[in-house]
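Worksheet: the structure to be examined is printed underneath.
Chains: A, B, C and D, in written order; residue numbering restarts at 1 for each.
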Amino acid sequence: MLLRLEGRGLFNSAAIVARADRKEAVGLAKDLSDYLNSKKMPVFLEQTLAKRLGRPEAALTLEKMRTDLVITIGGDGTILRTCLQLPKPEPPILAINMGVRGFLAEVPPKEGITAVEKCLKGEFTLERCMKIGASIGKKRLPAALNEVFVTSHAPAKLLYAKIWKDNTAVAESRADGFVIASQVGSTGYSLSGGGPVLDPEVNAFVLTPVTPLTMFHPIVFSSRSTLTIELIKPKRAVVVLDGHYTTEIKPTCLRIEVAKSEYESSFIRFGQNFYKRLKGRLLFSRGENL
Amino acid sequence: MLLRLEGRGLFNSAAIVARADRKEAVGLAKDLSDYLNSKKMPVFLEQTLAKRLGRPEAALTLEKMRTDLVITIGGDGTILRTCLQLPKPEPPILAINMGVRGFLAEVPPKEGITAVEKCLKGEFTLERCMKIGASIGKKRLPAALNEVFVTSHAPAKLLYAKIWKDNTAVAESRADGFVIASQVGSTGYSLSGGGPVLDPEVNAFVLTPVTPLTMFHPIVFSSRSTLTIELIKPKRAVVVLDGHYTTEIKPTCLRIEVAKSEYESSFIRFGQNFYKRLKGRLLFSRGENL
Amino acid sequence: MLLRLEGRGLFNSAAIVARADRKEAVGLAKDLSDYLNSKKMPVFLEQTLAKRLGRPEAALTLEKMRTDLVITIGGDGTILRTCLQLPKPEPPILAINMGVRGFLAEVPPKEGITAVEKCLKGEFTLERCMKIGASIGKKRLPAALNEVFVTSHAPAKLLYAKIWKDNTAVAESRADGFVIASQVGSTGYSLSGGGPVLDPEVNAFVLTPVTPLTMFHPIVFSSRSTLTIELIKPKRAVVVLDGHYTTEIKPTCLRIEVAKSEYESSFIRFGQNFYKRLKGRLLFSRGENL
Amino acid sequence: MLLRLEGRGLFNSAAIVARADRKEAVGLAKDLSDYLNSKKMPVFLEQTLAKRLGRPEAALTLEKMRTDLVITIGGDGTILRTCLQLPKPEPPILAINMGVRGFLAEVPPKEGITAVEKCLKGEFTLERCMKIGASIGKKRLPAALNEVFVTSHAPAKLLYAKIWKDNTAVAESRADGFVIASQVGSTGYSLSGGGPVLDPEVNAFVLTPVTPLTMFHPIVFSSRSTLTIELIKPKRAVVVLDGHYTTEIKPTCLRIEVAKSEYESSFIRFGQNFYKRLKGRLLFSRGENL
C-alpha cells in the first residue's frame, strides 16, 4: 500500500484545488503556486480559484487535471470532490488540511511549503487507496473513494431491498439506506451507521445498513466480490457517492452493482500512519488521559 | 472455500462425538454407528459416548481421532470443543444439529442417516474454515475456530490494554475484554459485542472490544496481520478460546499474539450456504414476513 | 395507563378507517359496518372507504370523526395517520391488524367481529398513550404519537444542531437527523437509530441521533421537560411527524420546540400487554427456542 | 434535584476519604484537615488515611462516618466505594477530583480549599441522586449509586435469565450479564453496554444487557417499578454493586429484586451542570472543533 517513489523529476506539473470560500486556503494556494513557479514548475488552478487569484490563464477544470501532482487545500470534502472528478488514472494528491474535518488530509497549513519541498525531493511515501465502482444497468458511476450510499428519495421513508453477493442472495432488508464503504470510507459515514473500521491492508469493503427496521448487521465482504442492491419497494432511490455526486435508481433498472474499481486514489504521505490519524479522530478515551 | 471431493473411498474410518447428556443424541449415535458398521466402516466413539453405548472397545479420545471423518451430534458447542482438541490437520466434520444453537451444524437429526449416506457417496462440498492461532510468549494455544477472548479475571473489572498490528500501535483501550474472531466466529460472541459479520470469503479477522469504556470501534484486519494485545493494567487476564479452553496471561509475559493459524477446520456441506444459515439466526425481520 | 371503563352505553357512534388498497381490509370494514348497523349504531366511513363500499352518505373525513369510537383496519401506518388527524381529544381506537407491521394493532382480522362485540359490552381496558407536541415559532404541529424527526433536506447531508433542555444547553451535534420519540414511538424509528425501549409507565421521551458524526448517545428526558432543537447549519431542515406529516424549518425560525402534548391517543385492549407485543417483534432470540 | 441550603452552621463535623495510594491526594487531605481544624471543625479521617497522616486519634471507618459532611479526594471509584458504605441517610459529599475519571467529582484539586470555604458559607447547591436497592430473598444489599450488575460466575459464560417488571414478564434473555443503572449510573458501565444516558430529572432506571446473545435492547423503566431478574440457567451468578461490592446468587434463591432505594446520595455542587460534565466526557466531537 505504501510505495517509496524516486521523487526527483517525477513531478513536472502541478494543479491546486482549494476551498475558494476560505481566505486562508486561497492565500496558501497563492503561496504554493508562487513557490512552484519559482521552481519552474507549471501550475494550474481550479477555475474558481484561478478567478480569485486573478490568473485566468492558469485555470483548469478538475476533469482535465492531467498533471503529475494535485495539491488540495481544504478538508476531506475537498479531497472527495476532487477524487470523484479527476481524470483516470488519478494523479497523486498532496492534501493540506484547512478544514475542521481532516482524516484524509494530514499536512497542517503552516507546513504546506515544506511539504511541497519534500514532495519535489521525493521524500515521501505514496498511500494507494482502493476505490469503489458502481453501475446502474449500463451506466457507470464515477469511482468513489469513501462510499456508495443508496437511500430512499424522501426522508424517513424505508427502502426495501434485496442484497446479492455475486450470485448468492445475502439478505432482504428494510432500512433508510445502505452504505457500501471502502477501507478509507469505513471511518466516515459507514461508521456513523455502526460499521466497523477496516484496516487499510484488508482487501474488503463493508455493507452497513442505515437505521434498519429489520435486524441487520454490517457485513464485511472481500473486495473481489460484487455486491448488488436490488430495490423491491419503492421502485426508485437516490444514490450518493462520497457525499458529492448524486444520481437516481429508477424503475427502468432497479439494480445497482458495486465492486472494487479498477482505479485508485493515491496520497503523498510523510510518515503519520492510519492509526495515528485515527487516534486523533475516532478512538477516543472517555474521561481519561491515555 | 468449497471443494468438491471425490467421495467414494475417501472415508475409511469414522469417529462419533455426541452430547452424552442427551438421550436423542446418544440414540442417533448408536444408529449411525450401526449403519457405518453395516458398511464395513470401523467406527470409534468418544469415551463417554462409548461408555454410554456399552462399547468400550471403540472408545477414543478427541486428541487421538485420526479418522477420515468425524461426526458430531450436538450444537455449536460440541463442534467447537471437538475442533479445539482434534489432532492436526483436522479430519472433516459432518455436523448433525442436536442443540438449540446450530449455526455451524446444518443437518437435522432425522436426516442423519441420509447425510452419512451422501457423505460416503461423495455427494457433498467441503467448507474449509480459517482458524486463529494464539500464543503467549513461547506457549502456543490450541487453534480456535470462533474466537480468542481476552478478559479481566474478575467480573466488571476493566482491562487496560495496548493493541498492536504487526509493529504498528493501533490503540490503547479500556474495556472488559477484547475478542478476536474469525469469519465463522464473527457470527458468535463478537457479534454480541457489536462486531460485524465477516463474509466467509474475506481473508480477515475482527477485533471487537467488549463493553469498552473508551470509545473504540470494532476493527477488521487482514488475516495476514499479526495482532498483539499487551496488558498494561492489571498485569493478568483470562484467555478463553471458543468458550471451551481457558488459560491465563500472567506478569511473566504480558503479551498475547494472535494470527491466522496454519490449521483449518473443514465441514461436510450439502448445499445450504452461509447466508441461508445466517438468515435463520441473525438477519431477523422485525414484525414482518419477509 | 390502563383504565377499565364501564362499556355499555359508552359508544353511541363509530367510524371506520381502513386501507382502501387492501381487499380484505375493505371486506372486513363492510362486515363490521353491517354488524354495527344491526346493533342500531350509526357508522361513518373514511371518504375513500365510503366510496369503495358505495356508501357516500356515510363518508366522513378523519378531521371530523367526533365519534365515540374509531375502528382502524390496517397496520401501524394506518393508526399513526389516523391519530395525527383525528379531532382532539381523540376518540378511543380499536385497532385491527391488517398490515405486515402491527405493533400498535393487536386484534387479528378474524377476531374483528368478536372484538367489536366485546368492545360494546365494555369488556376491555383502555391504554392511554402520551403524544408529543411540537411547534416551530408560533406554528403548532399536529400531536405525534410515535416521534418527531428533524432531518436535513437532502440525503446524507449533515445537520449541525444545538439541543436544549428547558434553558440548559445539552449538546451540539452533527448528525443526519434527530428523533424525539414517545414511549410508544421508542419501539419504532428511534429503535432503528439505536435508542432504548421506553416502558409504557415511564414518564419520559427519548432523543435519538440518527447516524451522528459526533459521538452522541441517546438521551432519555422526563416528559415534563421541553426540548429545543436549534439549527446551526444549514438554516433549513425537514420535520417528519409519525412518518406521515411533513413540514419545514426555515431561516425565519430556526428552532423547533418539543414537549409532552396535552392530548393523548387511547387504544382498546383485550389483555395482551406491551411486552407480549414486544416479544413478537423486537426481543428476538438468536437461534434459540425461548 | 438541586436544593439551595442555608449553609452556615449546617456543618459541624466533617470526614475525609482519600486515595491513600496517591501522594497528592494524601497531601490535599492534610491541607483540608488543617484548614477545617483552624475553623474549629472536628475532622475525621478514613482509617488508612489517618495512619498515613499519623493521626490515629482521628481514624473512623466509612460505616461510622455520621458526620455532617464527607469530603472525598479521588476519582469516581472513591466516591462509589464511599457511598456504598456510608451510614444511612448519607451525609452530603464534597467530591474533589484526583482521578483520571471524574464524572461525579467536579472540583479540581487546586480549588479544594476554596470549595470547602464556599461549602462552609453555604454557597452551593445540593444535587440529590437516586440510589438503587437490591435484595436476594431476604438479604438486602447496600444501596448502589451507579448500578447493579448481574453476571455469570465465569468469563464468557452466558446467563439465561427471565426479567420481570412488577408482576409482568418482560423478556427472557441470554447474555453475559444484565446492568440496572440509575440516572447517574447511566453514564457509566451501562453506557459501555450500549445503554442511553438518563437525564437527572427523569424518574427512571435502565436495564442494559451486556453482550446479549438474544436480540435485546436496553429498556428504560419508571423508578416506581420493581425489576426482578430470575436465573434460569445456570443456577448461580455474581452480583457486583458499583464495581466495589460483590455477592452471589445461589440455588437457594434464584431471584434478585431491584427497585428505587429509600436512600439517596447527595453532592455539593458549585454550578457546573450535568451536561457540562457530560460534554467533557461523553458527547465527543469526531475531528471537529465544536
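Everything below uses one rule, namely that contacts are C-beta pairs under 8 Å (C-beta built on N, C-alpha and C of every residue); 3 or more make two chains touch, one makes a residue touch a chain.
On a predicted model such as this, the values are computed, not experimentally measured, just so you know.
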Message = Using C-alpha centres only, name the chain that sits farthest from chain B.
response = C
Ask   = For the homomeric pair chain C and chain D, should the interface be classed as same or different, according to whether the shared residue numbers exceed half of all numbers used?
value = same
Key: Rounded Å distance, chain A centre to chain C centre (Cα mean)   = 40
Message = What's the distance between the Cα centroids of chain B and chain C, rounded to whole Å?
response = 45
Request  = List the centre-to-centre spacing of chain A and chain B in whole Å, with centres computed as mean CA coordinates.
outcome  = 38
Request  = Provide the list of chain B residues touching at least two other chains, using ranges where the numbers run on.
outcome  = 194, 213, 215, 282, 284, 286, 288
Request  = Name, in rising order, each residue of chain C that touches chain A in their complex.
outcome  = 149, 151-153, 155-157, 175-177, 189, 192-194, 210-213, 215, 238, 240, 243, 246, 284
Query = Considering the complex alone, what residue numbers of chain C touch chain D?
reply = 165, 168-174, 186, 191, 194-199, 201-204, 206, 213-222, 224-225, 273, 275, 278-279, 282-286, 288, 290
